[in-house]
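Below is one structure. I have some questions about it.
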Amino acid sequence: MTESLLITLSIVTLFLPLLGFAVVVLTGKKFSKMYLFEMLIISATLLISLTIAFFKLSYYPHDIVASLDWFKFSNVPGIGTLNFEIGVKIDNLTALMLIVVNLISFLVHLFSIEYMHGDPRYNRYFSYLGIFTFSMLGIVLTHNLLMMYIFWELVGLSSYLLIGFWFEKKSASDASKKAFIVNRVGDIGMFAGILILFTNYHTFTFDKIFEQISMGHLPFNSPAWLTAAGILVFMGAVGKSAQFPLHVWLPDAMEGPTPVSALIHAATMVAAGVYLVVRIFAMLTADAMTVIAIIGAVTSFIAATIALTQNDIKKVLAYSTVSQLGYMIMALGVGAYSFAFFHLVTHAFFKACLFLGSGSVIHAMHHEQDIRNMGGLRKKLPITYYTFLISTLAISGIPFTSGFLSKDGILAGTLTFGKLTGYWFIPALGFLVALLTAFYMFRLVILTFHGEPRDHHKYDHAHESPFVMAAPLVILATLSIFIWYTPNPVGADQGWFLSKWVKTPHTVVPQNQRFNFMKTEEKTAAAETSEPALHEAEAPVHGEITHSEMYTEAMHASHYPAMFLSIAMAGLGILFAFLIYQWKKISADMLEEKLRPLHKFSLNKWYIDELYDATWIAGTLAFSKMLYWIDSVIIDGAVNGAATVTRFVSRLSGLFDTFVVDGFVNFTAFLSGFIGLNFKKLQTGKVQTYVIFVVFAIIIIMLVFKPY
Amino acid sequence: MLQVGLTHFLVIGAILFSLGIYGIITRKNAVMVLMGVELILNAANINFVAFSRYGNFGLNGQIAALFVIVLAAAEAAIALAIVLNIYKTYSNVNVDEISNLKE
Amino acid sequence: MDVSNIIESLKLIKPEIAVSASLILVLIFDLIFHKDKKLIPYVALLGLFATGYFVIHQFGTTGFGFATKSTFKAFGMVTVDSFGTFFKLLILISAVLVLFFSSFSDEIKKTTDRLGEYYVLIFGMILGMFLMVSATDFLLIYLSMELLSLSSYVLAGFTKLRDRNSEASLKYVIYGSVSSGLMLFGISIIYGLTGSTNLYVINSLIQSPQINVLALSFALILVMAGMGFKISAAPFHFWTPDVYEGSPITITAFLSVASKAAGFGLLIRFIKTGFAAMTLNNGYWMLNPIFDWKLIIVILAILTMTLGNFSALWQNNLKRMLAYSSIAHAGYLLLGLAVFSNQGIAAILIYFFVYMLMNLGAFLIVMLIADKLGSEDVDDYDGLGYTSPFLGISLAVFLVSLTGLPPTAGFIGKLYIFSALIDAKMFVVAVIGVLNSVVSLYYYIRVLKHMYLVKPKIQPVEIIPGLSQKFLVLLLVVPVLFFGIYFSPIVELAKNCVVLLGF
Amino acid sequence: MAGFPILSLVTFLPVLGMIIIMFLKKEQALTIKYTTLLITGIQLVVAVVMLLNFNYNAQGVFQQSSFQFIEKFRWIQVPGVSWLGTVKIDYFLGVDGISMPMILLTAIVSFIATLSSWNIEKSIKGYFALFLLLDTGMMGVFVSLDFFLFYIFWELMLLPMYFLIGIWGGPRKEYAAIKFFIYTLFGSVFMLLVMIGLYFSAFETLADGTKVHTFNLLAMMDPSNFSANGILSPFNPSNLRFIAYIALFVGFAIKIPMFPFHTWLPDAHVEAPTPISVILAGVLLKMGTYGILRISYPIFPDITKQLMWWIALFGMINILYGAFVALAQKDFKKLIAYSSVSHMGYVLLGMASLTTAGISGAVFQMFNHGTITAMLFLIVGVIYDRAHTRGLDEFGGLAVQMPIYAGFVTVAFFAAIGLPSMSGFVSEALVFVGSFSVEGIRVLSILSSLGILLGAGYMLWTLQRVYLGKLNEKWANLKDLDVREYLMFVPLSIIVIFLGVYPSGMLNIMTTSVNTLVNLVNNGFAKVLF
């Protein structure tokens, strides 16, 4: 396996799904079995990706990069050549993401064969999955911001198409539109950030940008602009990863088919935002990171509180997704880079499992999604139940699950951050959310699977899913166990995932713009300058140390406190859930009654949608109507009004024909009409009047002229 | 002793001119209007002759006056013919009422 | 003034002699063959061609005819130069065309028994116009203008078919005679101030400081009133719409082109001969500062075109609309004069040539349609473009040309007028001019709107012109398009005809 | 290829077609249609042949020697006298990287519009004759290098357009037609005055060494051709040059149409028949921006630099204003019309940046807007043909009824939104890259990016209202696309996607010329030499 072969394979794996899309979308109407072609494609893609990942992780410690000019301007005045590069970069992150994306995509394809069976646009559905896979792989593989943006938008398109797949439902088409537009808000920010970087560095490529920053070349020579660029690019992640305040689209996106929710709106696309921040992590300043941490923490908290009271099985999962994404973003903000990415991966698997599990339930219940109508499904759907349970344990952060490892790391990171910077509210929110997560997830499990069935009719017809639906559940649940990532069930640090594969990149931000704990110590700095060659040979790019020793120590110190605290929180949450919903020791209704305002606030999602409707959307529409009014009334015819007057006058005097009506309907028209009208009146038809005019004209000319 | 000079002639010319204009504007009868025109022409004639006489400009002015008289006659002939024609059509020669062509 | 002078002078006025001879010939023919009038148009045509021969031969000839005074240089009553000849040619061409029009016109056909008079009067007009454009003596100016006027008074009411013919005639005669009276009074004052009626002599005398400026200004304004009447410049234009609407369409066409041309020829010659000290090398005239011609002409020009355009907006009668349009065009032409430079005059000559083609063309189509339709009302034109495509397209070409859009000749005329203005740095005036031409689009296009866009209420009449009529229309359409694309010949001609004798 | 008058061919071919049609009988409707199709087809082929022979490294812009396919011969010549210099006008055609894309666009859009004219029923002969005349006018504007010639072509297409809207248009066609005419004429008369002013200010040195006034655009770009006291000479300290620039700009701005001169556009579009809307949006609007690039920029680089902020401001207003007003529309066609206003704003914004990326983006956007908006109008035309209404709220669920059509709708709409992989994205991105990089207009650039959001808003909303949701039973019998309609959409879709994926195909054509233009403008009147 040479590098060039890996590159070739990665390009093949990128374009195969596109081929699948093109073929299926064009022929799907004629041949009803075309979805099998898409299955073939996705299987091939998966195999190739696994190959690439295997070779990359095993044999190539350095990054594999290939690029070419998409288009360029040569001889640009003042700049020289302006390249718009596109290219592929395969590093460890890419390799891991390739596995995650393709594996889940494959499983979702598989699951959908049964789940979507009988849909009139069955083939169309698979083709959309194909274009989604293509776009997502693009994001994963790219080595530059421009291409990232391009595929960013393309996943937006596929998301739009899939959310609105059942577009006959107004709610579905509304949701798809909302998703696209809300995402665009973030994208504008991202685009602006990209523009700042491109304007200064004339390149979109991550590595080249980082290189220039590390040489001390700041955007517009100001660290504030670097912060701005970081935050603006992060805006893209805010949109795509559904962070507050742009999180509103994700719960609505549940209008799409459930497998789609699993693939796009839980495991992969929404994680792209996190992936983006991971990519630009090296250029984030302390200020930018603080903003990111705060947004992440706030998002995870808001979403968790909303999830507490939702009754739609998918809505609960959606808010839990938002909350978990907030976790990852928060982790990046506090500098726990590797744990953030780790959580991305683990979350992808268990959340996909949860969604597919919910899909299985919904399928069994004939598209019933309200958990108040479920209950006792444990017996009817054993496979679904157990896989769902494992994933729930993982998301709650119970030891021996993958979620425990990643979450624990993140919480330790926040604790360290709080300790080192004094922003204590971030770890506080983090732990609170851990409690809430465990609570609402178990509430969900209990209400769905435990107890007595509340809708006997549907319950009686429920049945376990067939193999193609069950197999993905099992696989994903298995992947939620710690053993895949590390041999030590309580500490991931020594596992291959974190020790070998994912390492925090060396930040390129100038020293005075970093957090104290991220400053390169003098010793290291000296080593960097004196022995660059050696340095490079030993540890290229990823091997470098970002954090100071102070941080490593603090992190080490907070490992166990965080672990115990998080287990305690999770346990507490689960306990409450059982107390309330399983054993009914505390009446849910009573709680609801007592905390009515809070409950309503949570149930109505903090009224954020209502707020946006009332402000932005209503405002925009009102403004646009006003402008249109101005356009048609004032600008178009300073004189539509005047024309009306003219018309009125014309009727009155009976002098004009329709001429005025379809005449110049603007000011000049009115004016010319008016002038013409008065000129016309001079022509009385009486020759003596004419003579009088002439005489007067002569007199006036004499006066005007003043020859004396 | 009052010496009759150029100014007197010019004043008479001016008065005739003004009367002519006044006549043209105020008279309703087309023939009267045409007489106003004749007054104007004659005012000019008086000027011509007076200038010619007092200005030592030679006979040019007086010759001009002769031409004008001839032309005035021709004009009157044509104008009266037209008035006659009008009378045939409208049965009157009131210039005020002959105003169908307008605006 | 001796005999040899007279003989020399006669050589200079061969075209005028030819016109006079033709006039007499037509008269005689009318008397001899009073039963059968068919021959008369041919005789008239022959006369015109003969005249044309002399006119064309006169190009390049210069000279003063009928000098009156030997003390000064031999300035004459008549000045022959290319400038005048250009106008004579213009007048002659339009006369020929009007002759053809007349042979098609229903109105004229209905008065065949008086056809002889008709042609005689037309020749009278031509003679008057010929003399106007070459007159350099107030006496001749007055006489020739009267000759033109008297003939046209009669022609305006010639057909007597409708009340409006007589009315037009009456208004014309009253208005015209008042104007000429005013002018004559002005001339008499100028005579008194300078002692001469010869423009060249006046030019040299007027520079003396003891001239009474007030009196002179008054006199000049009166003279302007007379000439303004001829070119229908506002505010002396009031007769135009009424007379144009009331007259037979052939006469209207002739008045709108030839009579106006003669008026302009006279006005330009009057101002330049009477008041220009010299022409600078760059083409600009040095005018005698005693009278601010520039101001008055600019004001008149703006007033004229604005009034013409805006009034035309409201007209339903096509003839009347064209009357106002011709007033507006007089305004554009005055703009050319207002720069007081050879460039401006060249622009006027170019414009006039083009204007002749397109305006006569428009009148011809209106006439052909009116003959069939019995109406000149624009509402009756609804849908006509479809039933009579040939006439429709031709009228479209003429109207577009009148608007001044490329690629028609009308654009070239406007181009040169505005070029002259820009060259003279009269930007504001130029802007007013172009805005006016935008306004003018509106009423011209309105006719096309009725012909093509409006759904007719009744099935429109189909009008198929005869072969000769088609030929005549093409004779006007083709040059309008041709000169729009290739205009070197007109520019060349105009350039050579700008210089007036003596400057 | 040298010596073959290919530009005259591409320009006057339609006139030939028009003459042929004139000689056909009214009843031979099909022959007339096929003649037109053939002529526009040949025109397209010729345009492609030109592209194949195009030299990508020739600068053009101000340098006669590096223009391509030049045709130049004396058209009008009148020897001068002392007061009237030699009158000389050349028939001067040539192509560079800025006009080449426009020629392609014109050829493509004309061809597609011919296809879309197939179901015109009223006086076919007149329609196609005028159509072809219009085609010549448009093509002529893009190939002329002489101001006089440019002006003639510019005005030439007014009248056909008037009739095409006025005769074959909708209920308020007369109003729309005259409004279009008056507006455009209003702008062009000012252009006429500036043209004359430039004529008197600039000289051209003839082969025999004499200096004559000239309409030659290229000569006007060289300051050494101006006399010191010429009215529009750059050496003349008066502010006439400034006024002239504004006047010229207004002439072009009306065509673009730039706020606040845009109000003719919605009316003209709504009333015009579909193929004419396609031409109007596809080509005519580009003439305004093309004129600015071809004439205003290189002849008045000094003023351009002074006013660049204002141009960008109006670009921004266009983008946002058009988008906002589009949001409020209830008529499908009007919505598309206002979206044109918005999209042309990007062109203005890109041009204002005076950078290679920005101007390339602008020219590319001109091309892309031409193809994309053509598609959008065809889309409106398709349902209008079938349903005879354009009310956005009267439809719903057409995606079920007409799936193929809905597929093209999706392509066109997302192209209009600026989705990457479609051509619109590249040009809009370049516009932003260019405008953002200039400090003076950075803020405007950022504000304009709001247009991307609003664009997605009104487009997706439209998509939802018309195509998604439950099928309105009223339209349950609408047929999907027929072959002819299919043929209109397929090439445009291919172009849109191809250029989205491979923008070099278009950008390489213009880069050299755009660089030259950027240099010329930025260096003011310093002679540009590479």
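Which chain is which? They are A, B, C and D, in the order written, and residues in each are numbered from 1.
We adopt the following convention: a contact is a pair of C-beta atoms (placed from the backbone, for glycine too) under 8 Å apart; a residue touches a chain by one contact, two chains touch by 3 or more.
Remember, it's a predicted structure, so these values are computed and weren't measured experimentally.
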Farthest chain (mean CA position) relative to subunit D: B
Subunit A and subunit D, separation of their C-alpha mean positions in angstrom: 37
Between subunit D and subunit B, distance of the C-alpha-averaged centres to the nearest whole Å: 65
Chain centre separation (subunit B, subunit C; CA means) in Å: 26
Distance from the mean Cα position of subunit C to that of subunit A, given in whole angstrom: 78
Multi-chain contact sites of subunit C, meaning residues that touch two or more partners: 170-171, 174, 178, 182, 241-242, 314, 442
Multi-chain contact sites of subunit D, meaning residues that touch two or more partners: 174, 178, 182
Junction residues of subunit B - those touching two or more other chains: 24, 33, 95, 98-103
All chain pairs that touch each other: A-B, A-C, A-D, B-C, C-D
In the complex with subunit C, residue positions of subunit D that touch it: 75-78, 81-84, 87, 123, 151-152, 155-156, 158-159, 162-163, 166-167, 173-174, 177-178, 181-182, 185-186, 189-190, 192-193, 196-197, 199-200, 231, 240
In the complex with subunit B, residue positions of subunit C that touch it: 68, 138-139, 142-143, 146, 150, 153-154, 157, 160, 163-164, 166-171, 173-174, 177-178, 181-182, 184-185, 187-189, 191-192, 195-197, 241-242, 245-246, 314
In the complex with subunit C, residue positions of subunit B that touch it: 10, 13, 17, 20, 24, 30, 33-34, 36-37, 40-41, 43-45, 47-48, 50-52, 55-57, 60-61, 63-64, 67-68, 71, 74-75, 78-79, 81-83, 85-86, 88-90, 95, 98-103
For the subunit C and subunit D complex, residues of the former touching the latter: 279-284, 341-343, 346, 386, 396, 400, 405-407, 411, 414-415, 418-419, 422-423, 425, 427, 430-431, 434-435, 437-438, 441-442, 445, 448-449, 452-454, 486-488, 491-492, 495
Complex interface listing, subunit A residues touching subunit B: 680-681, 683-688, 691-692, 695
